[in-house]
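Before anything else, here is the set of structures, which you'll find just below.
Across the two complexes that follow, chain A remains constant while its partner is chain B and subsequently chain C.
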Partner chain A sequence: MKLFGMKPSTVTLSNGKTVVMKRSQTPFVVLLLVVLTIAAGKLTGFNIVELFERLPALWVILEQLFNPNFAYASKLWIPLLDTIKMSFIGSALGALLALPMAYLASSNMISNRVVVSLSKFFLSVLRTLPTLIVASIATFILGLGTMAGTVAIFMFTIAYVGKLLYEQIENADMKAYDAMLSVGMTPLQSFRYAILPQVLPSYLSTALFSFEGNVRYASILGLVGAGGIGLMLNENIGWRNYSNVGMILLLLMVTVIVIETISETLRKKLI
Partner chain B sequence: MIQFKEVGLTYPNGFQGLKDVNVTIEQGEYVAVIGLSGAGKSTFIRCVNRMNEITEGELIVQGQNVPTLNKKEVRQMRRSIGMVFQSFNLITRATVLKNVLVSFVPDLPVWRKVFGIFTKEEKMKALEALDRVGILDKAFVRVDQLSGGQQQRVALARTLAQEPSIILADEPVASLDPVTAKAVMDDFRTFNKELNMTVIMNIHHVELALEYASRVIGIRAGEVVYDGPASDVNEAVLSAIYNGQLPEEIGGE
Partner chain C sequence: MNAVQRQYEQEPRWKTSTIISMIFAFLFLVWSTTAIDFSNFTESGMKIAKNILLGIVQPNMDLLFNFTQQGVPYLLLETVAIAFLGTIVGSVLAIPLAFLSATTIVPKPVAYLVRLLLIVIRTIPAIIYGLLFIRVTGQGAFTGVLTMSFVSIGMLSKLYTDVIEELDHGVLEAMESAGCTTYEKIRFGVIPQLSALFVSIVIYRFDMNMRDAAVLGLVGAGGIGAPLIFAMNSHRWPEVGALLIGLIILILIIEWMSNRLRSKIIKGV
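The block that comes next holds the complex of A and B.
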């Protein structure tokens, strides 16, 4: 691509051949980026001096964060367990319902185009809704508590696992499916025997991966009142009690690492 | 008995796959269908168990007019028609035995269909089918670890377990080496002779076709241009089927 009509220079080699040297565009691109960055800073009122002036406040918070209040841990076990329960039940039910949804959204399984497009549309709408928003809406309907969080995670998991699964199904090898039909099976039975074995390992792996991510999501769902440890996080940030916040974050980190390690080992065995 | 009466097939894109086909095949015949790629051999075979739908004429298979059957009747009909494919079409992640057991699935009660649970008798029948094609020792091996010839035998066992009266074979030996191809052709001959199964086979390899089949149907551009005993097939007939090209150029491996 030629951005600025610069003339290329020609070099003559010792044997008389000429080579056209392309001039680099990089200096111009860098200049443009610098100008745009300065303009963006002006536009958003960014002030670098203020950033440095307020820096000490950050040290105060960080100092407290890194001195977690270990005594507070005893009050955290039940909310933490709530968070894990929320993500586990939400993920398990979501992944289960993702299977029929993905089947309906697969153009090679369902010949009715309306059903396929509607299912795909439904899945993408679910996916575009931020989990935090779904959770806050759910708290209006179901009241504050873990139920709202479970519903939010459940819906996100259907969309996430469903999308990846229908892509797997659409890319599956149809030869065995053909053979199942020729034996006299219905399309659904043929799916069960020819397609499901092909997609099962990646389906389970996706479900586990989504559970892993959901534990992290679930911990912040408390911010909108959807139960679990996020509720304590929200409270303590509000009270400016940063050593309690530090304790919560530490506990969350350990939990997420433990669950990720378990899930990773399981997933490695699947593939 | 299979009867094609003025059968025509036009694909949704307007391509005419079959034109005015009139063929009668008696129970127990061994028919080889030959012709150029794209001439309509596969279309011809796949009409019989309605994997392809004909658009004109009548197609009577074992007394039923295939185009008029509803979905359930089609599935019922397919139970008695085995199908063997060029690329074997096995469930590659499953064991040999499981691949054979699937032929019992349509007759299982719903809960056993869902969970894939098979009785001892069904397993015995599947193992016997594997024994017939000589790969009993591979019963618990995963299919993707077998050679092409062995995989085609698994597919044969799957078809055999179905106890069909008709076997449709779509290029069953095209992806096998010459020696294995002969062995698989021998298996088909055994089923045909000993179990009185009708065999209708698409085949590129003219030599093998003439050696094994009792009857040859030549298809060119969707039309049947030759239908007669294999012993009557000569250079002129082949030239007509293969559009004037020498059969050695296309027929041989």
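The block that comes next holds the complex of A and C.
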């Protein structure tokens, strides 16, 4: 029963001193995880036998995926550029609007606690909404096409950049800001000249980082009709034309890696 | 020239490079504005927007507190189960891959090859794996679990690798000089260094998987996504409201718990 003993054990050292050793909680945590895993397996119908039975079907798909149909690439440039456009304009506008939102959500800039909490809550809720769901709702309002995708990316970027930015503003050095206030500048002026220069590099870097991630998200928004390359992806998977799917994924991967490399270089220069 | 002026003169000048990058960014921006197009935004769009807002403000309460298999609580439970099991399976599968891509453990060519594979896994969004796995194991939560397990591997392995490469070798050398066996070195020298960070990484991934699992239903891989998209397509906005509210609350709670747990594990508070 020593393993499950709750009481800390006392060890007497050779010099007569006693040391209290805390009981490890690990056995309980492991037990809990095992129970939860089994429960989750039951609930989701986890079946390893079925997986191995169906494995041949997976090989057929993979074989075609790794034989991309290069002739199909000529039809992909326009949707691919649409995807990049959507993510760029959505990220740029979103990052721009994130600045006033972050200002309102910073407890050291706004003294009204209600405004701060409401802005923070708004940003959290916006961040929780899955981009794909927002895009899907947007297609009902704005019609099918790139506009709906742009709106979805725009909203996610506000939330993402806004949250990271208000954390930066709250951790900024307030001395210059206070000095400027005390010589009679307005709070907005002081923010512009004391806080903004401090957070600007990380703000731009976050915006670039979110653009990187958004290209990836934008590529799937076509599944719900919100424009870009996702539409072709959905169609080709529907037709089981996996060598076309392979081509799309290859192109997407190259695009993402190129954009990531460019953005990473820029971000390193910024910070 | 006083000290202030001298310091001012020393400030690095970025003028040309700033102007050039701004021109590029501006041109890129102008080009991308073609994605904005209000031509499809009509009167009916306005009406739908109003209905959506009304639906979210007045959600379908019966659905929100319905404890059968069609109710929000059960769907959320299923979503959590998919994300949880996916994270557990992924976190185990990622461990060997992480060791194989650590340059301090295996020869460099092997490490870079495994890394390339991990990059490929990471670049493709979860929902695309979902679409592919549906062709293999059919619709349902099991497909969702497979998707989440597979997607998790990419990021988990990368973060594990970073931890493994940071491993403090001094401890191992000290143990060796004190005469410890290989098993003892792993048990008391390696595992304690890795476990806390690994657990923290896995909890973070669970938080992320929750968001992905919520949309997997869109392609039929179980969870809350499928009823959500059905309700949207048939314009039952109060139902959409109920499902979304449930989802938002759940994700916020899990995010809060994940942050608390991780700071407790890493910093001990």
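Of note:
We take it that the second predicted complex is superposed on the first by the 229 of 271 C-alpha atoms of A that agree within 3 Å, B and C clash if a C-alpha of one lies under 4 Å from a C-alpha of the other, contacts with A are read in each partner's own complex, and residues count from 1 in each chain.
In this section, a residue touches a chain if its C-beta (ideal position, glycine included) is under 8 Å from a C-beta of that chain, and two chains touch if they have at least 3 such contacts.
In this text, all values refer to a predicted model and were calculated from it rather than measured experimentally.
Contacts of A:Gln64 after superposition on the shared chain: neither chain B nor chain C is touched. Applying the stated contact rule after C-alpha superposition, one finds that A:Pro197 touches chain B and leaves chain C untouched. Using the contact criterion defined above for the overlaid structures, shared-chain residue A:Ser107 touches neither chain B nor chain C, since it reaches no partner. Of the two partner chains placed around the shared chain by superposition, chain B is the only one that A:Met185 touches, whereas chain C remains out of contact. Touch criterion met: A:Val224 reaches chain C, while chain B stays clear of it. When the two complexes are overlaid on their common chain A, residue A:Ser243 makes contact with neither chain B nor chain C. The partner of chain A that touches more of its residues, comparing chain B with chain C, is C. By the document's definition of touching, of the two partners only chain B reaches A:Ala176; chain C does not. Once chain A of one complex is fitted onto chain A of the other, the partner contacts of A:Gln25 are absent, as it touches neither chain B nor chain C.
Judged by the document's definition of touching, no chain A residue lies at the interface with chain B and also at the interface with chain C. Of all the residues in chain A, the ones that touch chain C in their complex are 33, 36-37, 39-41, 43-47, 50-51, 54-55, 57-58, 61, 65, 82, 84-86, 88-90, 92, 124-125, 128-130, 132-133, 136-137, 140-147, 149-150, 216-217, 219-220, 223-224, 227, 233-234, 237, 240, 245, 249, 252-253, 256-257.
The residues of chain B lying in touch with chain A in their complex are 49, 51, 71, 75-79, 81-83, 85, 87-94, 102-103, 105-106, 113-114, 116, 155, 158, 162, 168. Contacts from chain C toward chain A in the complex involve residues 28-29, 31-42, 45-46, 48-49, 52, 77-78, 80-82, 84-85, 88, 119-120, 123-125, 127-128, 131-132, 135-137, 140-142, 144-146, 211, 214-215, 218-219, 222, 228-229, 232, 235, 240, 244, 247-248, 251-252, 255. Residues of chain A that touch chain B in their complex: 173, 175-176, 178-186, 189, 192-194, 197-198.
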